[in-house]
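Okay, so chain A shows up in both of these, paired with chain B first and chain C after.
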Partner chain A sequence: MPIIEIKNLWFKYRGSPKWTLKNINLDIEEGEFIVIMGPAESGKSTLGLCLNGLIPHSIPGTFKGNVIVDGLNTRTEKVGRLARIVGMVFQDPESQFCMMSVESEVAFGLENLNLPNDEMIERVEWALDVVDMKEYRDKPPHRLSGGQKQRVAIAAALAMKTKVLVLDDPTASLDPIGKYEVFSVVKELREKYSITIILFTQEAEMVAEFADRIVLMNAGEIVRIGTPREIFSDVDFLMKLGVRPPQVTELFHLINKELNCNVEQYPITLDEAVQKTLKLLRRE
Partner chain B sequence: MTDPYIVVEDLSFTYPDGTLALEDISLKIYEGDFVAIIGQNGSGKTTLVKHFNGLLKPTKGQVIVDGVDTRKSTVAELARKVGYLFQNPDHQIFSNTIEEEIAFGPRNLGLSEDEIKERVEEALEIFELTKIRKENPIFRSKGEKTRIALASIVAMRPKVLILDEPTTGLDWRQSEKVMQYVKKMHDSGHIIIFITHDMRIVAEYAKRVIVMHRGRILLEGDVRDVFAQPEILKETFLFPPQITQYAHALKQNITDKEIPKSVLTVREMLDVIQKLFAKYNIKG
Partner chain C sequence: MSELYCPGNTFFHKLSPQTKIIFTFLMSITALFIQMPLWNLVFLLAVGIPVIWLKFKLKVTSAVLKPFLRTAVVVTCAIAVSWLLFSGVGKPIYKVYDGIYITDLSIPLAIAMALRLLSLLAITIILVVTTREVDIIAGIRKLRIPYFICLIFALALRFIPTLYDDYHTIVEAQMSRGLELEKGSLLERVRKLIIILVPWLITSFKRVTILANALDSRGFIPLQPRSFYKEPRYSKTDYVMIFLSFAVFILVLILRYYFGYLAIIPWRL
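Here is the complex of A and B:
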């Protein structure tokens, strides 16, 4: 059974004349790493808010269809219950903090779970360790860099031991080192833990090697679902949509198209591209 | 070479709380310049550019703009020479219609109503806002808001345009559009100085790069020369665009003079591949 089932989902914000989400259907398996891409205003963030019940419970609008999370229908479950299954990390790290120290920020969500003290301490330790923020435990969150703040936000979600982690463009406002830090942590989550990850991002080059599937959205609809290789290989389609593929994939597409070559499988990572080029030049 | 428009000499700046933000910066900005300033958050990028329009005055050293020492002139005087686009366009948009927004700056310069009107018409025209001139800017998309803010600054007719992360938070298509306008401004005679975290935009648009690291200039020069030194960039966790890295990797595997020291765009790389194919007699 999929951990998330989205069936015929439609959503329209109150006062808006048009549907922001139009007939979304998507099943996500436990442990999958899903990347959702699409141009601005394609409905990505709205879809994210449907996964933990903020839509329809806290955001007014018209909601049709069903979202089933770990067997629970978000229409009828309380947001508090859903928060134990789906953790959220937003674009703007500032907006998610309310505590005086990193440690209490990570513990904050746990306090509502009535856990024994030992377990609470253990979970906070573990989560801070995963994101490599142990040494900052006593620091006030607002004094951290953007990348560190996002790592704390991820730790806070991890400490809840949620089965699903939704990250809505977590690197959009970060500097290069912050992006690097966040993607390293996300990569590690992918490799070491079986958490289901749903990441909304524009960074094609960063996700090419570790996403299981990419979902492409446009104007409130899912327009394509496939592996990174399947999705990135249709360069013309992506460009038309306004999503940029990895630069090396774009290059090989142009090599085929304009130099009349016949490369069968486009590379999607830097290493692949270098190897493929060397093979071409050595005529192997 | 012509006289520089901005001369920065041994500039150091300490914030009132004692933080040393800039240390011994010297640089010159010339007519025709299109400069990207890159580096991590907190490296001093914004502090540096705020010295160009007098928002900040040096603690030590001096900044000369168009022959005038910024310590001896006011922000209002400098606003005629140096325009500043804030990181978040919402912070500088406050009028009820787009045309009023654009008229605000010229009106503050004390120009005649005829002159104001002429400049507003021109800016609306350049930035393709004529059709929506009576609309409220607050309800436009972020890409359009950036354009409106840019139009308001250009209407003051400053020589220099400073843009603080003009594409952050925009999708690819919106970013391209904003940068196309910026390029148009450069072509029409403005000096462009912009701060960005997007190395692809640096490679595709800038001519010169200044790399900041801990309040100092780590590296400075032609975009090609700077991106040809990935080891130094790595010190501050900056990486050239994927296509530039690809060309580097290729050059390390096959020493061939057809591969230049740095490649900036996918198109450029395609030309290199074409030459290599011809040389190695590879047919499509």
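Here is the complex of A and C:
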């Protein structure tokens, strides 16, 4: 049974004339790493908010269809209850913190779960260790860099040991170093833990390597679902949509077009590109 | 934004936050029951000397205390002057204006009130310099104040620096577009302030919306049972300190209301 089932989901914000999400159907299996990409205003963030019940419970609008999370329908379950299954990291690194120190921030969700003290301490230590933020435990979150803030937000979600982690464009407002920090944590989660990750992002390079499936969205609809290779190979389609494929893929596409080299399969990571380039050069 | 807390390992740092809150609360009330310049001075010295000691021990920079002191001077002067002129008791000794007199009682009262305020300030400084905000909230929580009230305090404290940064970003952004805050008539300046306030309010509302979503998605349900992370505990020193605070408080009450000391006009606080 999939951990998340989205069935015929439609959503329209209150006061908006058009549907932000149109007939979304998507099943996500447990342990999967799903990346959802799409141009701005494609409805990505809105879809993210549907996954833990913030839509329809906290955000007003018209909601049709069903989202089933680990057997629970988000229409009937409270967000506070769904929070035990779905952890969420928001795009804005600043506004999502509730507490005045990194440590108490991570502990906040655990206090809500009414856990005993020993277990809380254990989980806080573990989560701070995973994101490598132990030395900043006493700092107020607003004093941290963007990348560090998002790592704390990830730790806060991780500590709750949810089955699903939703990351809503966590690197949108970060500098390259911050992006790198966040993606290394995501990569580590991917490699070491069996948690289901749903990542909304524009960073094709970063996810090409380790996404199981990529979902492409445009104007509130899912336009394509496939492996990174399937999705990124159709460079023309992506460019038309306004989604950038990895630069190496784009490079090979342009070379292919100019020189007619007939590269049978575009590389999607730097390593692959190096191999392919060497092969091409040797052939010359 | 400067933070007031100064890390250290003094007697006051080792006290648990709830003890310090009880101490602060009781000593503040005690200060309000003393109304005689000499005794106010004694009390001020009693709470002021630890402050001076902390200042040197922790190397608290003047910059940290400056905003505190500036407000203190203004408020103290205002209170002293108002008691001096409007106390309405005693024999007039100097006429300032029709119906406004400085009296034989208003001079000591004004001094007492000023000293009282300075003692309140000193007590507060001890608390905020030796206790992290996070621990103050934990202390309030430990004193069985309902959690949602603590959370409101915590969120307010947590958002002050964020909103402060937002404000400055907006001021800088508007200034880089040619807004001159310092120029123009009063009306124009007010209008310019609106140019700052509107985007600031919009940003703040956005932040609050995200925060509400974040609280929800972290499993927060108001009034549900919850556990507390690293709850502060009482040590022996804490009990002694709480006992002493109560003792001083009760002593002052007895001195004032049973023996009739410590007050110039006993029927007023």
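Criterion: the second predicted complex is superposed on the first by the 283 of 284 C-alpha atoms of A that agree within 3 Å, B and C clash if a C-alpha of one lies under 4 Å from a C-alpha of the other, contacts with A are read in each partner's own complex, and residues count from 1 in each chain.
Methods note: a contact is a pair of C-beta atoms (placed from the backbone, for glycine too) under 8 Å apart; a residue touches a chain by one contact, two chains touch by 3 or more.
These numbers were taken from a predicted model, which means no experiment stands behind them.
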Chain B versus chain C as contact partner of A:N114, first or second or both or neither: second
For A:K78, decide between first (touching chain B), second (touching chain C), both and neither. second
Now for A:L254: first (chain B), second (chain C), both, or neither, which partner does it touch? first
Could you tell me if A:V223 is touching chain B, chain C, both of them or neither one (first, second, both, neither)? neither
Which partner does A:T277 reach: the first (chain B), the second (chain C), both, or neither? first
A:G178 contacts which: chain B (first), chain C (second), both, neither? first
What part of chain B is in contact with chain A in the complex they form? 39-42, 141-143, 168-174, 197, 199-200, 236-239, 241-243, 245-246, 249-250, 253-254, 266-267, 269-270, 273-274, 276-277, 280, 282-284
Chain C to chain A touching residues, read off their complex: 3, 132-134, 137, 151, 154-155, 157-158, 161-162, 165, 206-208, 210-221, 224-231
If you look only at chain A, which of its residues touch chain C in the complex? 49, 52, 54, 57-59, 78-81, 83-84, 86-88, 90, 92, 94-101, 103-104, 107-117, 120-121, 124, 138, 140, 142, 156, 160
Please name which positions on chain A make contact with chain B in the complex. 39-41, 145-146, 172-180, 202, 205, 242-244, 246-248, 250-251, 254-255, 258-262, 270, 273-274, 277-278, 280-281, 283
